[in-house]
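In the two assemblies presented below, chain A is common to both, partnered first by chain B and then by chain C.
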Partner chain A sequence: MNKIMYLEFERCIGCRACQAACRECGDHDAKERNFVEYVDFTESRQTFPMLCMQCKDPACARVCPANAIQITEEGVVLSAMEEKCIGCRNCTFGCPFGIPKFDFETNKMYKCDMCYDRTRNDIAPMCASVCPSDAIRFIDFEEMQQLRRKRTQMNLVEGKKPQEGNKWDYVPEFFGVYTDSQS
Partner chain B sequence: MNQYLVKEGVKNQIRKGEKLVSTHCCYCGMQCGMHIRVDEKNNKVVGVEPRYDWVLTKGKMCPKGVTAYQTIDHPDRIKTPLIKKNGQFVEATWEEALDLIESKYRGLQENYGKDAIGVYGGVSMTNEKCYLVGKYARVGLGTRYIDYNGRYCMSSAAGGFNKTLGMDRGSTLPWTELEHSDTFFMAGSNTAECHPTSIQWFWKAKDKGAKFIVADPRETTTARLADVHLDLLPGTDAALANGIMHLLIKHDYVDHEYVRERCNNFEELKEMTAKFTPEYTAKITRVAEEKIIKAAHIFGKSPRSVVMFARGAEQQTAGVDNVSLYTSMALLRGQIGKFASGVATFTGQGNGQGGREHGQKADALPGYRKIANPQDVEHVAGVWGIKPEEMPKEGVSAYEMFHLMQNKTIRALHVICSNPVVSSPNINYVQDSLEKLDFLVVNDFFMSETAELADVVLPAATWAEDEGTTTNIEGRVIRIRKVVEPLGESKTDWEIMSLIAERLGKGKYFDYNEPREIFDELRLASKGGKADYFGVTYEKIDEQDGVFWPAPTEDHKGTPSVFQERFATEDGKANLAVCDFKGPSEVQSKDYPLWLTTGRVVYHYLTGNQTRRVDFLMEQCSEPFVEMHPELASRYQVENGEKVKLSTPRGEMITPVKITKAIRKDTMFVPYHWGKKLSVNQLTSPALDPYSRMPEFKVCAVKLEKLTK
Partner chain C sequence: MYKFEKSFYSKTSMYSFVAVMILFFSMWFSTSNFVHIDMALLGYAISSAVFAIGLTIRMSFWMWRKATNRVAKRSIGNLFTKERMKRNGKALVRTLIDNIILQKFIFKRGLYRGIQHLMISWGCIISFGITFGLTFGWMRFDLIDSETYQIIVFDMPTITMAADGIFAEIVYNGLNIGAIMVLIGTGMALYRRITDYDVKVTQRFEFDILPLIILLAVTVTGLFLTIMYTFLGGWMHHYMSLIHQVTVIIMLMYFPFGKLFHVPIRPLATAVPMSYQEVIKVDTKSCKSCGQPYSNDDQIADVQAILKSQNFDLQLADGTYLSDYCTGCRRRMRAMKQMNLESPQGNPYGPVNTNNGIHLSGFSKKRSEEFYGLDQDAKEEKIDEPISR
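Up next, the complex of A and B:
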């Protein structure tokens, strides 16, 4: 797997299809692991999606006293292992993006696993599959690099550069993880 | 037969013990491709899988689409016929229900004539069913009174297109071309929420530098994309379009050769638009002059542009004028009939296009034929096997049918695939009209607000329990596949209509074993008409990703782009619109000093009878709200989340406030997906467009009151 999740915040139309679709993933127990929020509804309808960054050195796994959060060889950070998770919720406090969620009924954390059963077979995760505006994409690393360059070019063509007052429009437009090669 | 269609190299996840069935969503006109997951053991629907290779939507879905499958095996489904006894519904057998319907229908028609029964159809169902509703009314019941919910949806677009272009196909171009367009002029459409998967094409174009002009009283999610947002006052589209055309002429952006060769009325249009200077236009629309000028220059300079509009511009008393004027903007620029350019309306309902072509409308017969035209009647009567003189005359429009219920001209009504006590304007009157009926039959699979008023509710099958075709937003005929058998004792609408017709002694006209036979009859009935489906077959749909009508012969591949050579008018030329600004039927007054407009939210579809039963969608949006600008809120001293009272002379509602700067300061917005006390249609205006008979949902004068503690 040499693909990355690519987010473009400003394309988000706030439909939350990604959340609905997240529930549809086979291993997700009908619970969504991503979220969509308004930046500030009073000001505008701009929303943004957020999902797991699949950090290389994930804070959630680091703060887990039970070593319950595993990272696959492809770099996907999985939900806590059922038999190891002690329900301490450290991960939910450790993650700077608020990704791990806690199920108080089963006393277990759950989080985005990039639809591991899909992505390991090279099928896009549910959220990226359905996102109507391509705010969430599952693409090759090369394609992502092209998109970044293209975006810079478009901003120059349009004469758009972030100013003091409109920094919100220019929040970093991508992140995600990728593995450099098939390990 | 394999029901799973996939192109080479495209992978789907297919879990063990499951199969996929390829079909399309049941909701809006985008008709997004999807595969439904079915458990092979118990034949139950268990989920959805993206259909990555569907040409228009590429696997993308909105939250309604993702959760659509949840309505199929839903606990609220009506599984047996229900008969109302002493105000309570009791379960009944089909035999009992049909006996009752037969005796009531026969009795009423013997005493009061054939026209005592009305039929109220809908277009959230397949072409086969929509076609059969028209035949059921005219042949099965022999009544002239038939109309459908598309009257509230597409009739002004249809009227405007027919006037200007001579034919009503919602889009003159296939939408896969949209990524190559340079400019989009969108009026009264919040496509990002109402047709979310269309947005991918607009972004593709935008990534290449395309410009967006959006006219809407609210800064919708769609308007956020815009280079120029024309925040016009509701009901002033005619002035805006005239104002833009004034500037197109003034700055010589007119494609003179095209206009000379392909359009009528240019001189008259020039004369009419002369007074619509930016200053005058700005005064009416309250849009800043410089924005109008900027929009006109962007639109005028663009070599390939598409003008698009939706209910915002159409659901007005000047809806037909608005459509004609916006269409004329595209004509002046010589855009219609060319690559990646043209004009399109956003079809709100799943089969809003196909459902309006085949004779559910009071004045129409299949293939856009007219009931007032003797040759058209002769053709269709021939296909149906009746005598031309047996064909009932033209009826009245949907809202006008309620007047006839009030005066007892219509004494019984059969509602199929619709929920008029939520979707109509001025619903207090509509509910009263339905209550005055002697007998009401409703086909539905959930207990809608209309079904609650019925004497007999017949359990209909869902979209996933029947075969058929729909015609999407582009005019592309596509296939809906049967995924599972109808739940419980429910039956498809076409079976129900056939059964009733049989009881009334008309069985021989409704002898169908499967939808394909109905479609084959539709093909003949539409043959030679404007919406010619003769060359459309189920096989061809699968082979070539749908077939665009018209397809007049069996070997015809369909017509993705229309009007390339000539328009469908008598002289082959388009008629430029010469329409003055008339204004909405209601004006602000001392008592009702603010403007109210209505619309959709992304989580719900039409009257919400389906979407209000889906957990995910209700978690996101469970009740209506009123959007207002913080300045307006401050003026009335109301806070975010506080409940306020809205009223018009027709009704009132109490609803929480949502404060945002993304709306005009003098306009409020309420979504319309709820019924009874939560319905904004208690307030909306029933004033009709004189030509299309479309009610003015989008503009009314309203009073806002803070509730006293």
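Up next, the complex of A and C:
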């Protein structure tokens, strides 16, 4: 898998189609695993979508006392294994991005797994496939690089050049799962 | 103690040695110096000892994990604190009954899954109890008179029963009852694993289906033994008992290293009501930013210690850690950071500055002057120039 999830927070229009789609995904048990939230409701109507970063060395897995959070060979960080999870919620506190959710009734943690059955076969995850404003995209690594370059170029056109100290201000967020191999 | 530890290759091998020694001496004691040992079960006894070694190794390595170690240490520390006695007792009883005996949380995931798991787990517990009890000689039957059996546990005589009574029948058929329960449970589980599309998303054959097949092989061969000596007059019984022994040994060897290892780690679930969240859905620690309760102090301290011991640097500029904020605030902080919406004062939870001069929040907004990179000198020149020009 050489595709990545590409998020542009500014493009989010707050329709929550991604959440509705997430609920429909296989194994998601009619519960959404992503977030659409207001940055600051009193200041603007800007919303942002939030998904799991699928860290290479996930803090959630490191703080799990039951060793229940596993990473697939493609690099997707899965929800806690139901038989191991003891329901302590350490993962929800350990995650620097506040992604894992916890269901007190059935005593299990669930988090974005990038719709593992879809992305495993190079099909876009549910949220990316329905997003009407392309705030969430599932694209090739190369395409992502192009988008990033374009974004920097747009700033250059307007006469602003990124400096060493602030170059990251110009880069939109990208993350995802990609391996070095071409398989 | 330190010297004793040094005489072993590692701590784990010391624990394994101790485990095997405990088994050996319990066997010695309960069979009254190996007089009442059941030689037919010797193969099971040896494989059970190897099973004990495997389990000890896995448990040691699991306990060695930073997170597990920390949580277990706090729980054990709390267990022997006088002020917490009431809470501990409650937590232990609640976990034992709700979580382990009745398995309520699995029934909440679905009635089918609840019945399936209850069947497998209790069938296995019954079968394991009887098998280990008989192989190590912890439990045996003595004939007192021609019509009465006595159950002897750890070489101590306990209850007596009529040799052809109903209770005796249940005891004799304990393994059969266990096997039928496991048969029903594994059948249900296999059917679910094969037909349910939701389960197929993350299931792996070697992890999720193989243990079911091993359990099924053990139960089917075991039940065949019963069928052979009751209905077929012992036909092929000897060969079948060998096959059964082989399947049981495979299961015992597989147990500590596969999915079945979730059984010995389950008691750690007591740690949650005992040291962390006492009453379900009631939090006591409030978020540094929004003030909403989201966790409790002990748990956050543990999480921070675990992350620190594994070199995760999640400390902010003001000295707080990301785990000091509730999940919602953490998500917001990340989004604001990415969109450069943080306030110029650098206070991540202060009022939002929606115009940072680079990414515009709306079409009608104007970018700040400094965005266009006009240097100060040029500007000053302009100001100094005469107006007529």
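Convention: the second predicted complex is superposed on the first by the 166 of 183 C-alpha atoms of A that agree within 3 Å, B and C clash if a C-alpha of one lies under 4 Å from a C-alpha of the other, contacts with A are read in each partner's own complex, and residues count from 1 in each chain.
Just so it is clear, a contact is a pair of C-beta atoms (placed from the backbone, for glycine too) under 8 Å apart; a residue touches a chain by one contact, two chains touch by 3 or more.
Quantities reported herein were computed from a predicted structural model and do not represent experimental measurements.
Of the two partner chains, chain B and chain C are each touched by A:D117. With both structures placed on the common chain, the touch criterion links A:R62 to chain C but leaves chain B unconnected. Touch criterion met: A:C131 reaches chain B, while chain C stays clear of it. Touch criterion met: A:A21 reaches chain B, while chain C stays clear of it. In the superposition on chain A, A:I13 contacts chain B only, with no contact to chain C. Comparing chain B with chain C, more residues of chain A are touched by C. In the superposition on chain A, A:F41 makes contact with chain B only, not with chain C.
In the superposed model, A:F97 makes contact with chain C only, not with chain B. When both complexes are aligned on chain A by C-alpha atoms, chain A residues 26, 43-44, 46, 117 touch chain B in the first and chain C in the second. Contact residues of chain A toward chain B in the complex are 11, 13-17, 19-21, 23-24, 26, 41-46, 117-118, 121-124, 126, 129-134, 150, 154, 157. If you check the complex, the residues on chain C that touch chain A are 62, 65-68, 70-72, 105, 108-109, 197-202, 259, 262, 265-266, 268-269, 271-272, 276-277, 280-281, 295, 299-300, 302-303, 306-307, 310, 312, 314, 322-323, 325-332, 334-336, 338-341, 351-352, 354, 356, 358-359, 361, 367, 371-373.
If you check the complex, the residues on chain B that touch chain A are 11-13, 15, 47-48, 50, 52, 59-63, 65-67, 192-193, 196-200, 203, 207, 209, 219-221, 224, 602-603, 616, 620, 630, 640, 658-662. Partner chain C is touched in their complex by these residues of chain A: 9-10, 26-27, 29, 35, 37, 39-40, 43-44, 46, 48, 50, 59, 62-67, 78-79, 81-84, 86-90, 92-99, 104-108, 113, 116-117, 155, 158-161, 169-170, 172-173.
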